[in-house]
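Below you'll find a set of structures to go through.
Here chain A shows up in two complexes: once beside chain B, once beside chain C.
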Partner chain A sequence: MTASEATVDRRAAREAAKRERARRGQAIAAISSVIVLGGLAALALTSPGWPDVRDTFFSWSAFKDAFPDVLSGFWLDVRLFLVVEIVVLVLGLVVALIRTSRGPALFPLRLLATVFVDLFRGIPTILLVYLVGFGVPALELSGLPTDPVVLGGIALSLSYGGYVAEVYRAGIASIHRSQRDAALAIGLTEGQALRHVILPQAVRRVGPPLLNDFIALQKDVALVSILGLQEGFRVAQIIAASTFNYTPMLAAALLYLCVTVPLARVVDRMGAGGRARV
Partner chain B sequence: MSAPPVLDIRGVTKSFGELEVLRGVDLDVREHEAVALIGASGSGKSTLLRCVDLLAEIDDGDVLLDGEVITDPAVDPVAVRRRLGLVFQAYNLFPHLTVLENIVLGDMRAHRASRTEAEERARRLLGRFGLTGRERDHPDDLSGGQQQRVALARAFAGRPRALLLDEVTSALDPELVGEVLEAVRDLKAEGVTMLLATHEMSFAREVADRVGFLYEGRILELGPPDKVLVAPERAETQRFLRRLLEAGRV
Partner chain C sequence: MPLLRPATLLVSALVLALLAGCGSKSSSTTTGAVSASDCTPSKLQTKSAGKLTVATDKPAYPPYFEDNDPTNGRGFESAVAYAVANRLGFSKSDVDWTVEPFNSSYAPGPKSFDLDVNEISITPPRAEHVDFSAPYYTANQAIVAAKGSDAASASTLADLQSASLGVQIGTTSLDAVNSEIQPSSDPKVFNDSNDVVTALKEGQVDAVVVDLPTALYLTSAQVPDATIVGQFSAPGGDRWGALLAKGSPLTGCVSHAIDELRSSGELGRIEQRWMSQAAQAPVLH
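Up next is the complex of A and B:
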């Protein structure tokens, strides 16, 4: 046998071994999944309490009855989430830009922006919703909104505006100084450098953490229920309280997941794409 | 009366805290002239170029561009930078923009050129530097040598009075140095005025009309390359060149 024939044989043998390893790996994964997951399912289904659990949490009839009402309540969550998200994106960017500005004339604004972030990021969101939702109408001043939906939206915007401002600020700070130098060197003003060179890179970099905050926001929208709003969670709670069955809660949870899980997959994909570029 | 030099650097000093980087640099660059700055790492070459482009503020002295003082605090640095082009050692291209967008950004935003006009100029420059077909690529898709040629095109797109080149080949793999030097040679042949910091002695010798040896924050020796690089007067220059020779850099 010549040396080159031996090389070819070994390569074929290596490839066969690799295929064999992959096949064995898949088989082991399948078998262990069946054993573990099947075992857990069998354990749950054969346990003495299972029928009670099933009737209380997984009642198909209760689900069917409650779902339309929970869904219409959830629609308020979705609309509020979308509006607040846009407000937060703009508010956070403005606060972050003020905090990263340098001019001495902007000092008072910088101070205010810092206080804004410390304050609204530091207060529990539920407290803020309560404070704005009940406190502002109690002032009885004309011109101030009294609609609990608007007030709840304002409270959520303030709270998440603080978080998102810091995310933006971290993004801006993460762009290397040499990018600013290069932008100034081609004759751009500081403002143009920020707009055309630094911000586009910063925003791209903070895409995943921003979306992460939006998943959190989407869940926290349920906090406006304390203002008496009939949103998804509150509707489910009311039905559950009157029927002693928690399946409506599960319906509400399912609706939240329908929004947050796709968002999470977008975050994953952005992370992968982000590594490839920038 | 003859025209003033394009760049006139007079007694420029610059410190970073306790560290005196420039201790009174005098240097002029005349129209169509290429002046090469040589000197050890940390001798202040990059700092000098950054001071001329007003990216760093000098402590004392003056820099004149076409006879006008540009280092006066009353002078708008943006207007000055629009008359100069600076190419960095690490290219500093904008990674979120395509090659073409990198080049037209300054032309459109700083020089108010129309998109058509700026793109036409950019394409011509890309063609000249052997980069036709790379317009839509992002900097990450290019080799270091290609990126540095885009950076040259970007700096030159603003039609600067003088090009400042800061060690433009120092970050490159050895086999990519030649293509960047070729592009600089091309600009020099066209008569572009330039002040360049370099470690490539053979290149300094070929392209530069004069070579300045920067040592401990001052220009210690200045003259034609055949003089400064071949038969330097000062012992410090001789020592510097000998060390380069031993390192195989000449």
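Up next is the complex of A and C:
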């Protein structure tokens, strides 16, 4: 037997062993999935209350009846979070830039920005929706919006603006100061350094946490329902309350998943891409 | 290795589907006619023996309850509950009250009450999931608007089509608005009667539609600047019943007690005492 034949043999044996391990891994995964998932399902399905739960939460006919109405309500959610996301991106960036600014003349602005973040990030979003939605029209000042869609959007923008400002700020702070020094050294102004050197790197770095906040926002738009708006969750709630069947809520939950899960996969992919580059 | 291979998923799905097929059909119970002799505290299977546990939401508003205290026997539904308890042989001290928000009152699973009196309308789809007693009240809907507003001067339901209207979730008022007024924009649907009142106060809506007795309290105490524009009946009539767990052994007896209260004239007297102003609002068509 020559040396090269021995190498080929060893390689074939290694490949075979690897395949065997993979096959065994698959078999174990399948068996464990069946035992765990099947066990959980069996536990739910054999519970004494299951027939009631099935009729009130998983009724196909109730789902079919409710779905078109819930979907049309959900359209308001989609429009609302798309607009609020854009507002939040801009608002958060402005607040973060003010908070990271250095000039002594800007101190009052920095103070305001800090108060903004503390205040709107610190108040429960549902409370903020309540206060803005019912409080602003009570001022009876002309020129202020009274449309609950606008008011709810403003409340969500304030709340998520606070979060996103901090995400941006973390990103800006994570860019090493040598980047700024280098930019200034080659003759860029402070503003140019920010615009062309620091921000592009900072924003790229905070992409995943930004999208993570957007996933939260896409669910929290349901909070505007307390202002009486017939968005997806509220429509489901209306049908549930009039039929005493919770299945419409399941329809609403599925619709929220339809917008949050794809975004979650995008975040995953961005994370994986980031690791690959490193 | 990926989390789950297609083959793994397929096998798991098949097993789960088989398990799902084993779910048993629910059996429905029917409550037959009852005789008064079956309806005594010793024979009734209440939540706690010898006690009748009655639920309502909190805060509990006039004219259904007074001073947010169901135990004082004052207010229409408090009085009805004590009258029913009395018919069944429970003394006033044997009646326990518990708080049950409307939105959870119809959840499947064990209930924390024997019966729930919370201005709940009886409808066939609802009756698939809970038991209702015989109705103890039939409510008309009322339109309430700020004094001097366009909506306040409406003399027909059609005059209100362009108004922005507010209602409370879970009430028949929403169906009544959609079918009788057919407004040009979606009515606003609020969490509870508090938010309905706030929305009217702050001008978020031009008018609100509520049960007529609620409107009386709203205009007399909560928003004195508001006026009852008129009343109209909900499609099919809005009859209120006590809510009980599906298949509750008490449903027959509670219904029997309410029927007796009606035929003896006692229910009429309770209604007269607490809801008498309801008849005075003009009827809109």
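Operating definition for what follows: the second predicted complex is superposed on the first by the 262 of 278 C-alpha atoms of A that agree within 3 Å, B and C clash if a C-alpha of one lies under 4 Å from a C-alpha of the other, contacts with A are read in each partner's own complex, and residues count from 1 in each chain.
One rule holds for everything that comes next: a residue touches a chain if its C-beta (ideal position, glycine included) is under 8 Å from a C-beta of that chain, and two chains touch if they have at least 3 such contacts.
The shown structure was predicted, so the numbers you read here are calculated from the model rather than taken from an experiment.
In the superposition on chain A, contact is made by A:T189 with chain B only, not with chain C.
Touch criterion met: A:A241 reaches chain C, while chain B stays clear of it. Once the two complexes are laid over each other on the shared chain, residue contacts for A:F63 go to neither chain B nor chain C.
Once the two complexes are laid over each other on the shared chain, residue contacts for A:G25 go to chain C alone; chain B is not touched. One of chain B and chain C touches more residues of chain A, and that partner is C. Once the two complexes are overlaid on the shared chain, A:A138 sits against chain C while remaining clear of chain B. By the touch criterion defined above, A:D55 lies against chain C but remains apart from chain B after alignment on the C-alpha atoms of chain A. Of the two partner chains placed by superposition, only chain B is touched by A:P200; chain C is not. Of the two partner chains, chain C is the only one that A:G228 touches; chain B does not reach it.
Overlap of the chain B and chain C interfaces on chain A: none, as no residue is touched by both.
Remark: chain A residues 22, 25-26, 29-30, 33-34, 37-38, 41-42, 45-46, 49-57, 133-134, 137-138, 140, 146, 148, 225-230, 234, 237-238, 241-246 touch chain C in the complex. Taken together, the chain B residues at the contact with chain A in this complex read 50, 53, 55, 77-78, 81-82, 84-86, 88, 90, 92-96, 105-106, 109-111, 138, 140, 154-155, 157-158. Remark: chain A residues 178-179, 181-189, 192, 196-197, 200-201, 204, 277-278 touch chain B in the complex. Across the interface of their complex, chain A is touched by residues 1, 4-5, 7-8, 11-12, 15-16, 19-20, 22-26, 102-103, 106-109, 123, 125-126, 128-130, 166, 169-170, 174-175, 186, 188-191, 195, 198-199, 201-205, 246 of chain C.
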